[in-house]
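Structures for review follow.
Here chain A shows up in two complexes: once beside chain B, once beside chain C.
What follows is the complex of A and B.
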C-alpha cells in the first residue's frame, strides 16, 4: 500500500484558512488542561488528553502547539513530537470538514483495503494526504480502527462505516454536507 | 540470593539480577542490540530471547529477573531458531549496504548474522524507504535511518545521561525513525557517545567516516589526556596503511569501560583530542634555533647544566607521565642537588558528568611525586637562585629565558615553551610510551605504546636518562616499568603497585595492591 505520511502537499485555500497561530498557551484551554494534569502523577502522562483538547479546539496540532504544550508541561518537545507522530488520530495539519480515514491494517487489508482505498481515492478525486479543493474531504490512511468484523472499514470524523463497496461509499459521501 | 541454572551451570546472583547479567557472570554472552548496562532497559530488539523451563513463551534475558531454581537455556535449538527469526525480522527493511557502510567490521548486525542468521531472506516486499539517508544531525554525527534498527540506545543516552533530549523516535511501525527534536542539533558535549552506542551503521562519526576500514585498525589501551578525570580509552591505530590516510597513524579514540572512572563514556573534547598526536609535532632537536642531531642537543644541554652545578631545576608540565616525573625528580632534586617542581595546570570548563576543570591528565601524579606547584616560573627561579632549567612539556615561560643562563625544553608541539628554548629536544606524547597517569581521584592507570615516537622524536624518559648519563649520574633503568618499580619503592602512596598489577582498570594510590577487576 502506498502510504506516505510525509507527503508535503500544499494546503488548499479552504484549509489554509483553518490554520491558527498559537504562540502561548491558549487561555480558553487553561482550566481544562489544569484539570487533566491533576488526574495524573507525572506531567508526561497528561500529554495525550491535552493534545486531544487542542485538537478538539483547533482541529489539529501544529508544531507551535507542540512547543507550547511541552513548555507548559515542562517536558522535552521531542516527547510531544513522538506522541503526535505516532498516533494517526492526531492531525498535524488542518483537515477538511469530512476527514475520511481508511484503515490499512491487517484484517482490512485481507478484505481488500488496498482496492477500497483506490476506489475511495477515485471517488473523491484526491490522493492520500490530500484535501478536495472545496475543503470538504481529506483522505488519510490510519491504523487499526478495532472494527475488524466490519472490514474493510473507514472512519469519517467520529463515525465508523464498514463493509465498504463503491455503491455504499457513494451513498455515504452523497449524504454528507 | 537466587540460585539458578544457565546452560547447565549453576550461578548465585543478587536479587533483582537480570538473566543477561547472570549469564555474564558465567561468561555466557547472550546476543542483544538494545540492552546496554549504562542505560535503562528498553526490551525492544528481542534479540536476547531465552528459554526458561516451565514458562511457555520465550523471555527477554535483559528484562527477566533471575529467580531461585530457574532453569535457563540460552543456546538450544529453540533459542537459535528464535534468534534467526528475530534477525530476519530486524533485517526486513535494512538496506544491506555493507560494502559502502562505515560500520562494516564492527557491526552487530553483521556479526550476529554470521553467527545466528539464516541464509537469505524470504521477504519479497519492497523495503520501506526512510527520510534520513546520510543526514547530518550534529557537528560530528551522521544519521542513516535505513540502517537503524530502532533500538533507542541513542535516544536513551540523550534522555538519561546528558539530559539534553535532542533525539526521539517519531512516526510508527515501519515508518518509525530517529528524529532530531524540532530546532535541535546533536551538539551536546558527549554527543560522540551515540556513535559508540549505535550497534549498527545508523549513527557514524563524521570525523572517522570513510577514512579507514576498521579491520585495518589496532586497538591499544590508554588514557585520555583531556582532563584530570583520566577516562579509559582505546587508541585505534592504522599501523600498516598510514599512507592511505595522509600519514596519519592515530585514527580515533574510543571510550573503554571503567566503572570507577568514566563508565562507558567520554566527552567530545577528549574524543577528538587524538588529532594532536600526529599534528604539528616537534620532531627534531635544535640549539639556539638551529636544527641539530638529538645527541648534539643533549650534549649542549648537559654542558650547560654542568656549568650551573647545583643551581639547576626541572619544571614539569602535568602532562608528563609518573615515570617521567619520577626521573626528573631523581635526577634534579636527587642526584644533582637542585630543584624539581611542576607547573600549575591550565584550567578550563567543567560539568557534572565527566569533564573536570583541570585540563591535565596527571596533576595528581605531579602532586605526589614533585610536591611543589609553580604558578610563576620566573619568580620561582629567582627565589631559588636557579641558573639552568629543564622544562618538560608546554608552559608559558615568558621572561624566563632572561632570568637564567640556560633553558632546555623537552617539547612535543611547537608552543610557548619551545619558542623560548636554548636547547629544544623532541619528546614523546602519551600514546608513544609505556607509563602511568594518576587521575584526580588518585587512580594510577596505565598507558600502552600505541605508536612509536613520531619521526625524529625520542621517548621523553629516554631523553631524561640520556641527560642523566651525560651528567655523570646514570640510572639503571632499561624500560618504563623499571622506573615505575623504583617510584613504587620510594614513594609510599605508590607502594605495592607495579605496571603488571595495575591491570586494565588501574588502582588507587595507597591501595597497596590493585583491587580484583570485575568480570567483563
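What follows is the complex of A and C.
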C-alpha cells in the first residue's frame, strides 16, 4: 500500500501503532516551549520551533497536537494548521523509524539518482511513499539537499549519506536498528 | 589559482568551529574595533568602497543595502541571516555554518553596529542538522564568553542572536517569504514596496543578508576596502565560494577570485569532465540560471561577467553536464522542481509552472506536439515579470535558456517521440 506521510488515508498497522493521543500540552515540553517563547517577539513566531519540539518528541504533529499548541500560544488553530501544512518537513502522520529521503534534483540525477532510487527501493522492498511492514523504513524522494558535491545523496532522519552505491546502502541500512 | 582562502582555509577542520580556535586566528578583533571606535557611517563606507556584493543570488551591493536602514528611528532594526540554501546546485553556506560559525557571528556583529540592530535571526534550512548544531554551539559559546548578550566585549553594545530552523520550503529563501516564516507563517512572499529595509520583520526595518556575504565582512575590514577590492574585479570585491557539481571529476567547493573563468573552475578546480567525456552544457549559478554552452565558458565568473552572456552568477552553483545528457530529460527535473516549490499566490507562476512540467512530461512520454517547443518558450515568457516574487522568473529563465540553446533536441523529441541523445523514449 502506498502511504503518503501527509495524506489522510488509513495507516498500516506498524505506523498506526506509533500514533499518540495528546489532549493537553505535554508537561515534558513546557520548559522548552517557554524558553522558545522567550526568544521570539510574538507567540506566533514561536510556532515553528515548537512544532519542531513536538516532532522531535512524538515523530509527527497530529491535529490534536495542533489544537494543544494553539491553546498554549493563545493563537487561532488555523494559524497552526496552515503552517504545519505549508512546510514539507512537518510529518502529519507517523513515518517509519528511518525516514529515507533520496534527492532527485539535477546534480544527483546527473550522478545516477534514478538508478540509486530504484536500487534503494529494491533493497527495502518498498516504493516511494511506502513504509516497510515492520514500520522501520519509509521511502521518499526530496528536492536538492544542498549536498550536491556528494551526489547521489540521501538523508535518513537527521543524517546525510553521499556517494551512494549498493554496497554502501547495504552497510548503512544494515547498521540501523 | 592564487586567491587567498579567506573563508575556506578551515573547511573540513575538526576544531575551527570552536571560539578559542577562532580567537587564535585573530577572530572578533574587527568586531571589537568596530564596536569600540568606528562610526556606523564609516563601516558602511568601507563596505561600499570594497564593492561587497550579496552572495545570496542577486549580487546586490551590501553597503547600499545597509544604508537604506533609517537612522535613529523609533522601531527596532532586525538582521535576518539567510542560511536557507535551497537553490539546487548550491552547498556553500553549509560549510560556513559548519566550520566557521564564529566568522558569521563576527560579520553579523559588524553589520549590527553599522545599522543599529540589536537582534538577529539566522534562518537555516531545516535539513541542516549538523550545521544547525554547530551554529547553536557557537552562539552558546559566544553568549558564555561575552561576544553576544547585553554588553558585547565590554562595549556597551547589546546583541542577541537566535538560530531558527526552517521547515523545508525552497520559497523561504526569498527574503520576504523568509520574514513571513520567521513570524511563524507560511512562506508567502510579500509585495514590494515596501521593502524590508523599511517594513520587514514584525513591521520593522530589517536587513537580510546571505551567510557568505556576512562572513566576508570581517575580512573586508581587516584587509581594508582597497585590498579587499583588489582581490576581486572592479565591480565586485573579495573572493567568492563556488560550488561545482554534476559530471566532473572532483565535485566540491572552491574559493577563488571572481576574475576566474567558468572554464578554469571546471577544468582546473573541479578536475574536468568526468571520464574525459565531452562537455555539453553548464548551469552557472544554481538551477535558476540560464544554461551556457561550452563556447561560452571563458566568461569571468563574476556577477557582471555572467550578466554579459545572458546568464547570472546567482548562488555560484555550477552544474556540469556532459554529452550523454538528454536536455529534455534534464528539463523535466527543473520544471518538476519549480512546480513543486511555487507557493501558489500568483496565477502565472502557480499555473505556468504546472503547464511547463506537464508539457515536458508529455514530450518525454512520446506525445509531444509540433508546437510544444514554442509552447514552452511562450509560457515561460508570460510568467516573467508578472509575479510577486522572482521565483516565477527563476522558473522561466532555465526553460527559455534550454529551448534557445537546445531547440533542436526538443523539436527532435516532439517529432520522433525519442531522445536524440540516447535514441530511447525516456517515458512518463
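What we mean here is this: the second predicted complex is superposed on the first by the 158 of 177 C-alpha atoms of A that agree within 3 Å, B and C clash if a C-alpha of one lies under 4 Å from a C-alpha of the other, contacts with A are read in each partner's own complex, and residues count from 1 in each chain.
FYI, a contact is a pair of C-beta atoms (placed from the backbone, for glycine too) under 8 Å apart; a residue touches a chain by one contact, two chains touch by 3 or more.
Keep in mind the model is a prediction, meaning the values are calculated, not measured.
**Student:** Applying the document's definition of touch, where does A:45 land relative to chain B and chain C: first, second, both, or neither?
**Tutor:** second
**Student:** Considering only touches as defined above, state whether A:151 meets chain B (first), chain C (second), both or neither.
**Tutor:** After superposing on A, A:151 lies in contact with chain C but is clear of chain B.
**Student:** I'd like to know which partner A:62 touches here: chain B for first, chain C for second, both or neither.
**Tutor:** Touch status of A:62: no partner.
**Student:** Report for A:143: first if it touches chain B alone, second if chain C alone, otherwise both or neither.
**Tutor:** both
**Student:** Please work out whether A:82 is in contact with chain B alone, chain C alone, both, or neither, and reply first, second, both or neither.
**Tutor:** both
**Student:** Comparing chain C with chain B, which touches more residues belonging to chain A?
**Tutor:** The larger set of chain A residues in touch belongs to C.
**Student:** If I apply the document's touch criterion, which positions on chain A are contacted by chain B in one structure and by chain C in the other?
**Tutor:** Overlap of chain B and chain C footprints on chain A: residues 79, 82, 86-88, 143.
**Student:** Of all residues in chain A, which touch chain C in the complex?
**Tutor:** Listed in rising order, the residues of chain A that touch chain C are 39-42, 44-49, 51-52, 79, 82-83, 86-90, 104-107, 109-111, 143-151, 155, 158-159.
**Student:** Under the touch definition given earlier, write down the residues of chain B that touch chain A in their complex.
**Tutor:** 131, 159, 165-173, 175, 179-182, 184
**Student:** Could you pull out which chain C residues touch chain A in their complex?
**Tutor:** Residues 85-91, 93-94, 125-129, 162, 164-170, 181-187, 202, 243-247, 251-253, 283, 287, 317, 319-321, 325, 330, 333-334, 336-337, 340-341 of chain C touch chain A in their complex.
**Student:** Can you check the complex and tell me which residues of chain A touch chain B?
**Tutor:** It comes out as residues 5-6, 63, 66-67, 76-79, 81-82, 85-88, 143.
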